[in-house]
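The same subunit A turns up in both complexes below, where it pairs with subunit B and then with subunit C.
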Partner chain A sequence: MYEKFPEGAAQRTDPAVAADDLYDAVIVGGGISGALIAARLSQAGRRVLILEAGPAEDLTLRGYEDYLNRFYEAISKDNQAPYPALPNAPMPRGTDVRPIVPGAPDASAYLVQNGPFATDTTYTRVLGGTTMHWEGKTLRMLPEDFRMRSLYGEGADWPLSYDDLAPYYSEAEREIGVSADVEDQAYLGITFDDDYVFPMKGLPLSYLDRTVAKDIDGMEVELDGVQRRLRVRPFPQGRNGIANPDYDGGKGYVPQGAVSAYQVEVGERCQGNNNCVPICPVQAKYNAGKTLAVALRTGRVDLVGQAVAHKVHIDERTRRVTEIEYRRYDRPDSPGFTTMRARGRLFVLAANAVENPRLMLASGLRGSSGLMGRNFMDHAYLLAWGLLPEPAGTFRGTVCTGGIADLRGGRFRSRQAAFTIDIHNDGWGWARGAPMTDLISLVDSGSRYGASLRQGLVDRVSRQLQLAFMVEVPADPSNRITVSPDFIDALGNMRPVLTYDIPEYTMRGVAYARQLSKRIFARLGAEDHTAYNPNFWGYAVHDGEGYEIRGGNHLAGTHVMGRDRTTSVVDADQRCWDYGNLYMVGGGSMPTVGTSNVTLTIAALCLRSARAMLARLDSETAPVNVTSNRRDAAPTSGKAAW
Partner chain B sequence: MTVSTIENRDDLIRYLEAALALEHATLPPYLTAYYSIRSTTNSDAAHIIRVAAVEEMLHLTLVANVLNAVGGRPDLTRPGFVPSYPAYLPDGEDDFTVDLRPFSPEAVETFCKIERPGKAPSADERLLSAPADRAPLLVSSPTAEGMRFYSIGEFYEEITEGLEKVAADDPALFRGDPARQVGPEYFYSGGGTMIVVTDLDSARRALQFIAAQGEGLDSGIYDAEGELAHYYRFRQLQLGRYYQEGDEPGTPTGPPLSISWDDVHNVKVSAKLADYPPGSELARVAREFNADYGALLALLTQAFDGRPALLQDAVCDMFRLRDGFNRLICNPLPGHDGLHAAPTFEIEPAAGSDQPAARDAGEPTRAVTP
Partner chain C sequence: MTAPSLEDFLLLSVDLTAFEETDLLGTGMAEGYLEKVRAACGDGIVAALLDAHRAARADAAAENGNQTRTPLEGEAFDRALRHRVFSDDRLGPVARNIIKLWYAGMWYALPPEWIDRYGAHAAVGTSTVTAASYQEGLLWRAIGANPPGAKAPGYGSWARPPRIADRYLKGARR
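Let's look at the complex of A and B:
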């Protein structure tokens, strides 16, 4: 089925009228977090306003194909290639990154990089957010990822356990539409309910995966005195596969295809295209537009686009947010704007782990714990690339279908970072720009053309193997987002300033990953072509060895959750300790990133928080007994500070 | 209603074989129009045609399931299975022919006729006399000589009623091996889902689904699942607006759709290999296309002959068809005033037959002319 976007929904809300309204919730950001919360609140009868920084137009197949065509025509095929640059709501772009000269922040692009480490990490500011360009890998976190401090003395503990989040993982897997088989995904403590199956059956491993598996399955690795056998394992994917008839107690599952204002039939199954990132050609990959359509169909969700949140206003006496002031730009290509406000019973910052703290800090709200913006995390990616002895069908299948997950957890994490290994079906694309670079070199250096060029390209790329080690980065308060009046964007909003270094703990994991990649290549009989360029912007040295480190766009940790208001920014419901009606949601709440891509966990957290928000709205809108003690009147869970 | 033209299982099988050919016969015209659209243009039109084509493939497979269920053997390689275009529809409708046309108002007009709602004015008019001066090669009623159907919907009504009759007389009608059925896991990207046929009820559902998805027989413009029938999908291209739930057939009220008739490769209508310059690369590519298409039909025949998993391989072949189309359609056909080349769908006998497989470039095939 297609996901029906109600015609006119993106434009029907007059911001001036909305300004005089009191919504049950005002949500900043129309990505997966905002969409899920809007859907849940509106389905429960609540009225919601979403402020979206990007232009808001009805989501139609035609509009989606404009993104697609922009990508096809773009020279650079980076994560933002399909999405038009917005001076009024700029987004970081991987191509922006430059080596940082110590002491001189690189302010040449929207994300100001203070260093010392430069990162190409990005996020997308359009309706649907970064799920427009995400890869769609939907690993659950390991139970031990929630208890890193207790178990390994590294990172932080969550105020939630895996078991607390498990039902919401299941719910998130339904919302996103995950294809996977339980037997492949139950490892290292990950458990499922007895009768659980994923909505859709697992997507098959690529021919490249199976080629690698032939030699790697069973390979023994000893780490911290524990012997492990590696195995190439399929990843769970947020893209449509064969619906599992056993899902939901035998009710089955209907894959959700493209979102559009008119009836379309496309996207109900992955076609194996190779450009999931930056955009799935058919919308078989989930994007948050699918959930936004659900939310808007309730008729209780208003959406205002071209609305960049400028300031969160606080009543210091009640310690509550009173309104969000936003700048609504008149046109995407000119800086004229109107200052507007939005009011609600609850406010939900669902931008992302950079924009959420940026807005708070720009509003002068540092948080009583002093942790607002601190503990920025991402994954550190180390790539290793080689040539297999035989053609292995590289460039067939989606970007990534399988990898090695056996080193995601274990006692070694008290000393060094864990990682997941992706086998990339797009060859040396990420590391060295394949296949474009191969094409250019065959033409320029090889003087090839016609059939010889075609064959030459096939010969070159079909043996390429690129392993991507997704290495965890622990929370470090020094890694942080700040703002400065010295750096503002076209609308006069303060830009995010990132101060970031790769912790030693992560670098020990990186160094081990490189050693392991050599062993894997040797076992495969692959020629190792990995060479790290000292002039690379993300070059990092550890124990005398240099590595190229890339960002994962898995933003986390800038408003971490915790049990204690002095050591965290939000509680387990993602509610701000400081302001009783303010929720900061998304990756920023995560105290650890573990070794899984963050979106599934973000979705699970938001689904959980939506319940808490509904309970709070119910209690706040219940008849109030007037007493002299305000605290007694507010039926809170006991954790509230107001 | 006149006397049923389906008396026994053999009659039924002949009808189902005709249905198989009918469902397939719509694919070359839909695909030709679809691929004639210049890439990145005419999104609305391209998707509407694409959906119809994909769902015709669903119908083809549903008919194969019914045929297999009653112990038949679907054969997409038999001579004449692919009609020679322009062609009359295999159910015998004779007031129009189907050409292989570029995307154009004429093509859309034909598509609407193919999918037109077809309740005959009275039961007596379901089956009509076919005019005598018509090419005899295309089946009308496969069992009653000289008779043809009012519409595809009436054609399927006849089959459904015949099926019920034969099933009542023959308790062992559904004798086919269930392992030959194609299940829902093999079909996607269109409305509707595959129906495994094992008994009268599932057979009836499959046939009624086909008729309803084409033309909305009895059920209005949307079916029970909220899916728009093909006829109305195409009407959107004529009326310039999308339908939405609650609309009356003549007045869609959804978002406007935009059509650019000029953003089309103007291919020669129902081109033949004889139109291609002998010995040219273009002629070679056109022959390769037909060979690939013939191989795909052979693969589908195997899939419908007890090896449904082969449909996975067929998906790759279908992607290759796209490449084959593009190789031809982007090129002008020499000597035809700027008209472009297009696949001719003149299919050689399947590999393994006694017929010579290769022919000289540009030489006309044995294809019959209408």
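Let's look at the complex of A and C:
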């Protein structure tokens, strides 16, 4: 199926005209959350305005190719390499991170890090959001992830159960286009409807996965008195595979191709580019642009790019949001901007778990529970790397096709964090910059050239195995996003300030992960080359052992949902307890992060919330007073400080 | 001084990379790479490197009795290259950079001490040559993989063993 990003969609809405309009919903952020909600509301006949901080022309084919060329030409091929760095709408970049000196926040990059732990976690501020660079792994959360407090006395319970969310997981799997097989994914309590199949068949495991599986399948692990057998299991993937003819009761599934390009060229099945992060060159991987193109085609969705939300205005008497004040910069490469406003019946903050609370706090809206910005979560990644006895063809396939999921759940979670283990098809890339670092060391200090260099590369790169332990981080109110007038970006927006430490509970999981990695390497006959550098910015010590901890870009928890307005920021529909027409959506609503990458769960939550929003719009027929008491409703010009 | 010739540069590159001349020409990058090296080091140094390489081949040929196969291999040629090129303060870093240029498609900044001594021309820092040069890196071919983000091998190809030249696959050692 071919979806064209409508010609001129980024330009057709005049922000000055939009300012006098009353939309059914104003959405801040054009990532997957905003795109799904815009699609559902507009398909039901509602009018929507999306405010996007990035330039918003990126979903044309030319825009996408600009991304690709920027990536090819980049010296550092990190996870933001394809995306333009914009002073008016800056974003964190993994290469920004520095060790934090106690007592001195690191304000050298956009995300101010207050410590004590430094993280390289990122998100992408372009149209399509972080799904442009996401890896595309789409694990469902376990049923027990929703009941962590009652089952294990750790973290929080959700106001929703797995069963409540299951139909929306299925809907999200359709929207994203997930390739997986039910028989591989039904474990640790994950259930599917009797006749359910995924839209597309599972992607094959890599030769590297198969090499690992030969020794690891059947490996026994005892944890908290329970014996388990590990196996290498394929991960569900948000990228196109072979459509399953049995999908939807035999109706089948038509994969969504690339936006704005014909399927014969790109957008079909995954071709194994091994570059899911930072950009799939052929759009076989889902990105939110695919959903945005559908939403924009309804004709009921307006999109204003270069629009950075500045302040959420509320009416204290009605406890409703009256408008979003935003700064629209004239051009990506110049500091001029105009202050505009957007008004609607509903307002949806769909920026992400850092930008959502940042905007609220910058607007002076701390929330009656005092939890706005608190309980920041991410995954803590521990890497372990070794060399297999034989070449295993590392650096082929998607970034990750398989791993070990058997330690995602169980009684041990009352004591230590659970994890998923990824087998990285890109070798030691994440841990040590392979294969370029291998090339450099073989040539510069290994006296290798010619045939001995080629042999050295096969010996050293094609045997690489990197295990990535994605360890859960429980909610802790002291891990938080705040703002401060001391830290302002070029456009005059307060920057997010992150205070973050890795909880002991997580570190116990990390320590166990390292021990397990040693057993796995021994069973494989692999040389363990793992060494954690005390000067590493994310170095953390637990029980006298030091570890390198990396960020997961799986942001969650900063406006948690709950049953009670005193212990949560939003309800199960992601509606703010404090303001009746305000929804804060995305990872920030999640009370636990579990051991699955967050995007699929975010999508399921947003699809569920979209129904609640439609019901609310249907029930609210009273006219909304659009003349707020602001005197400066007319656009005003300004100049950014750069 | 005549400009360094592409032919000589290719002859050197074949010996440095252990890829055939047709492979190197097939990347479409040979002219661009020679230009990059000349811009970074100056023609004098490039010519000296090509001369040293020619002399190393002559040394080896004399010792081996006129063996002229390309890439030249064997103990005598290896020793001659080490003595005349790789251990040379001026030429060694340039030769290593040419290897990395072919393998990574990237020109790495020369070491600061080299620039201090010889680098009148060397304002060229770490940089890619073109967007295509990354995609043409020989590193990926050496390990039987595609450059991430380009030259996709096709759906499911990753499930099969890597296509690494037999000689290197069998020679793999722990």
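Annotations
In this text, the second predicted complex is superposed on the first by the 606 of 642 C-alpha atoms of A that agree within 3 Å, B and C clash if a C-alpha of one lies under 4 Å from a C-alpha of the other, contacts with A are read in each partner's own complex, and residues count from 1 in each chain.
FYI, a residue touches a chain if its C-beta (ideal position, glycine included) is under 8 Å from a C-beta of that chain, and two chains touch if they have at least 3 such contacts.
As the structure is a computational prediction, the values presented were derived from the model and not from experiment.
Contact with neither subunit B nor subunit C is seen for A:Q227 once the two complexes are overlaid on the shared chain.
By the touch criterion defined above, A:L205 reaches subunit C but does not reach subunit B.
Look at A:T60: by the touch rule set out above, it reaches subunit B but stays clear of subunit C.
Looking at the shared chain after the overlay, A:P255 reaches subunit B, while subunit C stays out of its contact range.
Once chain A of one complex is fitted onto chain A of the other, the partner contacts of A:N274 are limited to subunit C, with no touch recorded for subunit B. Once chain A of one complex is fitted onto chain A of the other, the partner contacts of A:G397 are limited to subunit C, with no touch recorded for subunit B. Contacts of A:N535 after superposition on the shared chain: neither subunit B nor subunit C is touched. Contacts of A:V443 after superposition: subunit C is touched, whereas subunit B is not reached. Of the two partner chains placed around the shared chain by superposition, subunit C is the only one that A:F71 touches, whereas subunit B remains out of contact. Note on subunit A: of its two partners subunit C and subunit B, the one contacting more of its residues is C. Overlap of the subunit B and subunit C interfaces on subunit A: residues 69, 72, 242, 269, 282. Residues of subunit A that touch subunit B in their complex: 7, 58, 60-62, 65, 69, 72, 201, 240, 242-243, 245, 255, 257, 261-269, 282. On subunit B, the positions that touch subunit A within their shared complex are 40, 43-44, 47, 50-51, 54-55, 184-185, 188-191, 227-228, 233, 242-244, 254-255, 257. Listed in rising order, the residues of subunit C touching subunit A in the complex are 15-18, 71, 73, 81-82, 86, 95-96, 99-100, 103-104, 106, 108, 126-128, 130-132, 134-135, 139-140, 142-146, 148-150, 152-162, 164-165, 168-169, 171-174. Of all residues in subunit A, only 68-69, 71-75, 77, 203-207, 210, 241-242, 269-275, 279, 281-282, 387, 389-398, 401, 425-426, 435-436, 439-440, 443-444, 447, 449-451, 453-455, 457-459, 461-463, 527 touch subunit C in the complex they form.
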